[in-house]
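Each of the two complexes below includes chain A, the first together with chain B, the second together with chain C.
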Partner chain A sequence: MKSTSRVQLPTSGGQGELAVTVVMWLVASLVAMILIGIVGDLVWHGIGGLRWSFLADSPARAGRSGGIAPILVSTLLILAIAMAVALPLGLAAAIGLSDFSRRGGAFASIVGRTLDVLAAVPSIVFGLFGNAVFCGWMGLGYSLLAGGLTLACMVLPILVRTIEASLRSVPDDYRVAAASLGISRTRATWSVLLPRASAGIVVGWVLGIGRVLAETAALLFTSGYVDRMPRGITDSGRSLSVHIYDLSMNIPGGTANAYTASLVLVGMLLLINGMTRVTVHVCLRGSGASE
Partner chain B sequence: MSDVDPIVIRTRELGVAYGRREVLRGVSLEVSRLRVTAIIGPSGCGKTSFLQTLNRISDLIPGSRVTGSAIVEGVDVLTRTTDVRTLRRRVGMIFQKPNPFPLSIRKNIQLALREHRLGSRDEIEATMERVLVDVGLWSEVRDRLDTSAMTLSGGQQQRLCIARALALSPEVMLLDEPCSALDPIASGRVEELILSLRQRMTIVIVTHNLAQAKRIADDVAMFWFADGAGQLVESGPVAQIFEAPQSMITRGYTHGWQG
Partner chain C sequence: MIWFGSWHLFRPNLDAQVGSGLRLAAIAASSLVLLIVSFLAHESWPAISSLGSRMVTDASWHPSAKASEGTFGMWPIVVGTLVVTGGAVMLASPLGVVSAVFAEFYAPPHVAVMFRGLIELLAGIPSVVFGLWGLMVLAPLIARVSPPGQSLLAGVVIVTLMILPTVMLVTGSALESVPRERVRGAVALGMGRFAVIRHVVIPGARAGIVTGMLLGATRAMGETMAVLMVCGNVVKIPRGVFDPVRTLTANMALEMGYALDLHRSALYTSGLALLVTSMGLVACAQWLGRES
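Up next is the complex of A and B:
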């Protein structure tokens, strides 16, 4: 791997410079402290309830006691469905926009704008859409499948835009080099551009996972909120975020378990995030693609 | 045809425009087999544009329009039905800035071989070794074929790009100022390499370096910007262009009076 050398910025430069440096440090620390504060709060209140039985048991007394096993299963199934649908579609759309349509052409710009608008649509609207289309029209009813598909629609715009941006940031030199060797655009995209853009693709993927795991509103309409173990993806189920919402808003005495469930949710997010990065790093080391 | 045609590339009234801007007009040039033809002339006189039409890399430039005709090894390059993939395998190209793929050294060479299905796994390995030997990189990289090509120096990267193009056994090699981003030593090695290829393929090289043109070229084509577009002023054997040019423009340019 290429060693990256950083320029050492001068830290001295008069009183003004010092003041700016101090302010920047304070702002940066503040941002970091917000995250540390949230996680700290969750750990403080939630760690007490975190034990194996919490992960392995079904909820009892509407979640006030017992665990979250069925909810974890539902959450992971929804996540798997959403990402399994969104990733191939998102990749294909992004590749289409960046490399198989004319740059700055009408098609790419109309599709691009549509995606930007879609990305800004509130999730509750996606919920209504999913409820009408997947639950109603397609006859899936309240099910993990309907929820997963709805969330796939919701993360698709973010996924496409992030992947497209990372593909576009790959220098054209590589495209020209590939063309000059008679390499087809498909192979050039697959073997050269995608590995090179992988860091950006991972960002899109992690952002997508974050949104799916965090989503509550859209799932109330589509996956339902029964807290029993789902019998399959056509069964309804409750996601962690819905569970947390229910425990903290509707169930008196559910706060403690809401904290523990939140801690699990954040832990899951960090775990998946880390695992994705490690996996991609290992995969790319073999291909020799540099950052 | 009983004999091999001594002319490999023939262009007739070749013109290039990007949108409304005409960059090259009326170039009729013949390039001889197994010789090095240098294209010289000041910046902005269409040398690179000329080169880019010969393997249709010009297709990649939005709004580019090519007129006239270009025949390479008997194949009309500029038709709608031209097999561009095969054309680009037969006509290799090296760019000003070395542009290896951000992949391993091995993959850089093997990617195109796989694309064109040139040989089995073992044959591809053998080809890779052969072309790396040809460009003098083998001894430098044999122990690190799986490291990224981006770790190589600029001169090594350019030689890797040449090896990558050689792997496809092209009949013509187009080089667009291949040494301009390199230091004199690396540049010298690339020059020697070009000379060593002359026996095997026809070479067209764009260069700003007149001394380089003198050293390596057999024939020279002089381009100039006049009347709103780049044009061919004259072409001929290197001695004629440098010592007895027909055009005042060539005389002035090669003597460093203008351009």
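Up next is the complex of A and C:
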């Protein structure tokens, strides 16, 4: 698609053209080199500590030695809570916006714009909100539940907007065909539109997972700092990202494990990302779509 | 259009009920914004009513739970946020626009794909990991020139890297949306590559580029962890790029854990200010997007 819309500009030109081309390549290689430098640094310092015991053991001496097992469990619990709350609500809101309100009408436009504003709220502000509402007002205290609910609020707009976009991209022919068969709009959404949009829904879901796993600021004062194995979702727990922060800022001598934990976090994100691409590829092929 | 023309073809009862349930979900999701604003306003009220403008005019930031005992001047912290954000936007905008132009017009197709992939990778790196890199690599590097290394400069560089993907991706889609006929026409007139880009493509994509900058600024202002880790967090108006600074976000992250009463409320006030400013920036970006 990109190659057809791309206009081939003339490459010949005077000295000025050559200089601009050189500058373009220099800037691009600078950006690429910095990025490769960051990832390389992470792998270089982190790979040494990466062994099975690091994933399976509890942290010792405030995280300087030992592993990250309870932290992984806390992270996954926060993720599960956030997704369990945000996904059903997000899916319902997306369907409501794309297929149960007038296209381009005031409702869809106002709600959509408001969600875009919500998506731009800084994560630390979600932390303040979560601390006031879930920890304070609802009486959950510093807990995995409070952290998960805070992050559910944070990923909700991303989920809604991506799922909505994928539902909208389903051609109207499907809707007309369903209508001509006399089945209800509800039924048509459930059996025709949702399966057809499943790849896009998975992408939105994974974007949300990525945001949750990477988030730190919103968790500092909602799920807390405790680094032992959580006894339940009302217990306080430390996410992997908070662990990295604590090790690198507050624990002298924690750097080596901070690097290894970062490597685990980035590895998880890349793995999920890669798996999504494969899933989408397979889904699109399976449904015989031409995109 | 067609969809709504055929509304009557469906069984009305079930659909009406399901529809109102789903629309209710959409309303619930978007009314979170109101909920956030009102909870933050509620928590900020004690500070706003009893401190008021003291939060900006007090000489220093030595907060305490009582109004009479502490000083609540957040002005140096506000300045910290403004210079980090401004610096990052000033660096990331040209870099992002050049990167987008590179990927769109200069790179051979496979290089463009690889470059976009790298930028997406950059966008996916968590804030704490940027912070770790800044703390371990960038700050020591800066410290060689002028200690302590954890400084405004380190913060600006890190935040620049973090908002670069936003600026580049938004600019890229704006460049793509410039009508191809216009570009082809310019080429047919014999304009060189850079001339076409400078006089046809960039002016056509101006609204999109500004949108990218605004969204980048929003991200920069709200960025917490990386800034907290590399900026040094000293509450003082910086005299130069090597001075440490503290931003509003870092201030909240550092002090929320132990702040009580009025101190806590003052932190919520700074959060509210941040929230309102980013909402304003996004509204501007949306308005610009509508113009184009």
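One rule holds for everything that comes next: the second predicted complex is superposed on the first by the 229 of 291 C-alpha atoms of A that agree within 3 Å, B and C clash if a C-alpha of one lies under 4 Å from a C-alpha of the other, contacts with A are read in each partner's own complex, and residues count from 1 in each chain.
Methods note: contacts are C-beta pairs under 8 Å (C-beta built on N, C-alpha and C of every residue); 3 or more make two chains touch, one makes a residue touch a chain.
Note that the structure is a prediction, hence the values are computed from the model and not measured.
**Student:** Quick one: classify A:Met33 as touching chain B (first), chain C (second), both or neither.
**Tutor:** After superposing on A, A:Met33 lies clear of both chain B and chain C.
**Student:** Looking at the overlay, does A:Ala217 come into contact with chain B only (first), chain C only (second), both, or neither?
**Tutor:** The answer is second: A:Ala217 touches chain C but not chain B.
**Student:** Contacts for A:Val176 in the overlay, against chain B (first) and chain C (second): which applies, first, second, both or neither?
**Tutor:** In the superposition, A:Val176 contacts both chain B and chain C.
**Student:** In the overlay, answer first, second, both or neither for which of chain B and chain C A:Met24 touches.
**Tutor:** The second partner, chain C, only.
**Student:** If you stack the two complexes on chain A, which partner ends up touching A:Ile95: first (chain B), second (chain C), both, or neither?
**Tutor:** In the superposed model, A:Ile95 contacts chain C only, not chain B.
**Student:** Of chain B and chain C, which one touches more of chain A's residues?
**Tutor:** If we count touched residues of chain A for both partners, the winner is C.
**Student:** Touching A:Ser184, do we find chain B (first), chain C (second), both, or neither?
**Tutor:** In the superposition, A:Ser184 contacts both chain B and chain C.
**Student:** With the two structures laid over each other on chain A, which partner does A:Arg103 touch: chain B (first), chain C (second), both, or neither?
**Tutor:** Both partners, chain B and chain C.
**Student:** Is A:Leu118 contacted by the first partner chain B, the second partner chain C, both or neither?
**Tutor:** second
**Student:** Once the shared chain is lined up, is A:Met229 touching chain B (first), chain C (second), both, or neither of them?
**Tutor:** neither
**Student:** Can you pull the chain A residues that chain B and chain C both touch?
**Tutor:** 102-103, 175-176, 179-180, 182-184
**Student:** Spell out the part of chain A that touches chain C in their complex, as residue ranges.
**Tutor:** Contacts found on chain A: 3, 5-7, 9-14, 16-17, 20-21, 23-25, 27-28, 31-32, 34-39, 41-42, 45, 89-90, 92-97, 99-103, 107, 110-111, 113-118, 120-129, 131-133, 137, 153, 156-157, 160, 172, 175-176, 179-180, 182-186, 188, 210, 213-217, 220-221, 241, 244-245, 248-249, 255, 258-259, 262, 265-266, 269-270, 273.
**Student:** Which residues of chain A touch chain B once you look at their complex with the stated criterion?
**Tutor:** The touching residues are 1-2, 102-103, 173-184, 187, 191-192, 195-196, 287-290.
**Student:** Name, in rising order, each residue of chain B that touches chain A in their complex.
**Tutor:** Interface residues on the chain B side: 55, 57, 59-60, 62, 84-89, 92-93, 95, 97, 99-107, 111-112, 115-116, 146-151, 161, 164-165, 168.
**Student:** Which chain C residues qualify as touching chain A in the complex?
**Tutor:** For this pair, the touching residues of chain C are 1-4, 6, 9-11, 14-15, 18-19, 21-33, 35-36, 39-40, 42-43, 95, 98-99, 101-107, 109, 115, 118-119, 121-122, 124-133, 135-137, 161, 164, 176, 180, 183-184, 187, 192-194, 196-197, 215, 218, 221-225, 228-229, 249, 252-253, 256-257, 267-268, 271, 274-275, 278-279, 281-283, 286.
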